[in-house]
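The same chain A turns up in both complexes below, where it pairs with chain B and then with chain C.
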Partner chain A sequence: MNRTEIIEKLREILAAAGDGTVPALSEDSNLASDLGLSSVSMLYMVIAIEEEFGIRFDDVGASDFVLLSDVVDYIEGKLR
Partner chain B sequence: MKREKKAKAKLFSPKYLIYDFVKATAALPGLLIFRPKWIYESEKAKERIRGGALAVSNHYGFFDPLYLMIAIWYRRHRFVCGKEFFESRARFWFKSFLCIPIDRANFNISSLRAITDAMKSGYLVSMFPEGHVNGERTGDLEDFKPGLVLMALQAKAPVIPVYIKPRKRFYERIRFAVGEPIDVTSFYGERPTFAQIGEIARAVREKEEYLKSLV
Partner chain C sequence: MKWLPADCSPGDMVRVRTGSVYHYGIFVSEDEIVAFGLPPVPQYRDRPDRLTVLATDADTFSCGAIIEKAVFSFSEKRKKRTPAKIVEIARSRIGETGYNIIHNNCEHFVNECVFGVARCTVEEEARKRWLSRPICDVYIAPVAEGPVGTVFPPERDSEIRECRNDALRAAKYADWALLAFASKRSLAVDFEKTVFKKTRFGRWCAEGFDFSLSHAGGSVAVAVSGSSVGVDIESVTAFAGKKASENTGKLRDRFFTENERNAYPDEPIPFLSCWTKKEAEFKRIGRGNFDPASLDVTRTDAASFLLTGGEETVLSVSAEAIGSLRVFTVEGDSVRLADPRKIKP
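Presenting the complex of A and B:
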């Protein structure tokens, strides 16, 4: 799975957990300021990612990811 | 809420030794000093809590964990507390009381897993969703952290709201109001949106406000 496909899946996850609208995502999107994710939303997203991608996150905290690219890097690393 | 079979925490284990010893020795003095008064929201709220559950309460003082233990006296509580307590001199007691550490500045997935695993194993996890001691001893509630909803959702466990009336004088008896178990999936199903998680946390807080009116 390449980075574009990972971002597309993240877009679906965020759309389902958000208000239904699909957010415009780029690798530089800031999770807190651009996407409005709180610490709890971030963990909720992590749970959804684990289910969607079949991976298990290590001991990551809500503030360990700042940009969407951080999440994509992490998922890519886990899928490798 | 779909629950195939309620897991039960072990009845006896060496790790409960200190907890049970302290509880047994403190029970009689606690009853005499605090003279607890239980008020229940309904007949359903009187029913014993079985299996994994999340007890939530207001937090106005450092004795609240003790009061909450008295309010639901028949269960062992596993309190969620800041990880800094596990680095303090009192860490022995926090470990002995099977508390679950949480990084309040950076809520992480391993803390969430530890909490949900405890509930899935049949423990009663207890927490103060205001996130800190509410210094205003008026009993007014601050906003509840939505993390409580995430914990209950992940564990598929009910939330047990308890309101502890602040004591103004040390000789006042302690009063609690215990509410009916709240099924967090009854609001928006098992997959609420981010906004709905916040709404559920507000609903739990409203229930706590209602309990406050009962004591």
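Presenting the complex of A and C:
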């Protein structure tokens, strides 16, 4: 799965985890300010990502993700 | 397990509310509560030990909030360790790092000390919520040219092959092949093991999930959901080329309710929006004869969208889980979440 495909899948997850709005995503989207993710919705999103990608966020801290590219890097690394 | 504000004893599992979450610890004394990290409050943000297993006094642990203690059920009491053992284990872990908000947080820590099993109810509930979320996904694809392939179940395969109209046969095949793809992708359905049957109203249905099919022009649409769903599409291009487009007034008089005539202007796209909503609503109900004049879509929450970029198409969906609707376009191996324009009303 390449980075574009990962971002596309993240769009699907965000649309399902939120209110159905399809988010416009780019690598430099800021998770808090651009996507409006609170700490609780971030937790929900991370669990959704774990389920959909079949990975575990077991070696990251709470504040390791600032930009969407950080999340994509992490998923890419886990899938490798 | 219940939580009560009560006097605490050594080995008690305790918690305090901080904002929208709880912070957990193991009570030893008023001067010693062992917890994985400090409560997530601004005054501790810069402390280097905020994500370490540490012992603090009750004031530092509670941040002024009320400390609650866990009161266990009989079965939980049988599983829990002795207070002395709980205190011993908690103290032995002081200095540990490796905090992880999902897999190794303060609630995992206390459960591991008390029961020997690391678990977090927030994580479990969030995971359960995700896995049981309502799903209502619609897939749109062009009808591929060429001979039809084989589909499951064999009864549906025969039905498709017996269709004498080449274009209709190709559309029926494309729709069913898209259904197999959509149900696997959205609902993780084992399609070839699914029990399909035909209702006495002539509608195919599946055990375990609901689906709906539609085709128009050169496109097919499939809706899949864990609850009832109906989908319908109409090609704006094809409609505009028919006489029907000149007679929307007559059709509206005959088939639209007064509410619908007031809500949907006499123009092709609003007409198709209302019409496809009627079809989608009828498919979702799944029984009886289609009597468009008796279905008032202004009383439903069916939604219509205009799909552009290829053949201009009106899509309508009626579903119990309409709030979770996602629309995907499929082109060969590429699947993309679409953001189609909603047609109002």
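By definition in this document, the second predicted complex is superposed on the first by the 77 of 80 C-alpha atoms of A that agree within 3 Å, B and C clash if a C-alpha of one lies under 4 Å from a C-alpha of the other, contacts with A are read in each partner's own complex, and residues count from 1 in each chain.
To be clear about the criterion, contacts are C-beta pairs under 8 Å (C-beta built on N, C-alpha and C of every residue); 3 or more make two chains touch, one makes a residue touch a chain.
These figures come from a predicted structure and were not determined experimentally.
In the superposition on chain A, no contact is made by A:Ser69 with either chain B or chain C.
With both structures placed on the common chain, the touch criterion links A:Tyr44 to chain B and to chain C.
In the overlay built on the shared chain, the residue A:Val60 is in contact with chain B and with chain C. Of the two partner chains, chain B is the only one that A:Gly18 touches; chain C does not reach it.
Look at A:Glu8: by the touch rule set out above, it reaches chain C but stays clear of chain B. Chain A residues in contact with chain B (one complex) as well as with chain C (other complex) are 16-17, 19-20, 40, 43-44, 46-47, 57-62.
The part of chain A that touches chain B in the complex is made up of residues 16-20, 37-41, 43-44, 46-47, 57-64.
Every residue of chain A that touches chain C in the complex is listed here, in rising order: 8, 11-12, 15-17, 19-20, 22, 40, 43-44, 46-48, 50-51, 56-62. Taken in their complex, chain C has these residues touching chain A: 20-21, 51, 99-104, 122-123, 126-127, 129-131, 133, 135, 323-326, 335-339. For chain B in complex with chain A, the touching residues are 103, 105-110, 112, 145-147, 149-150, 154, 191, 193-195, 197.
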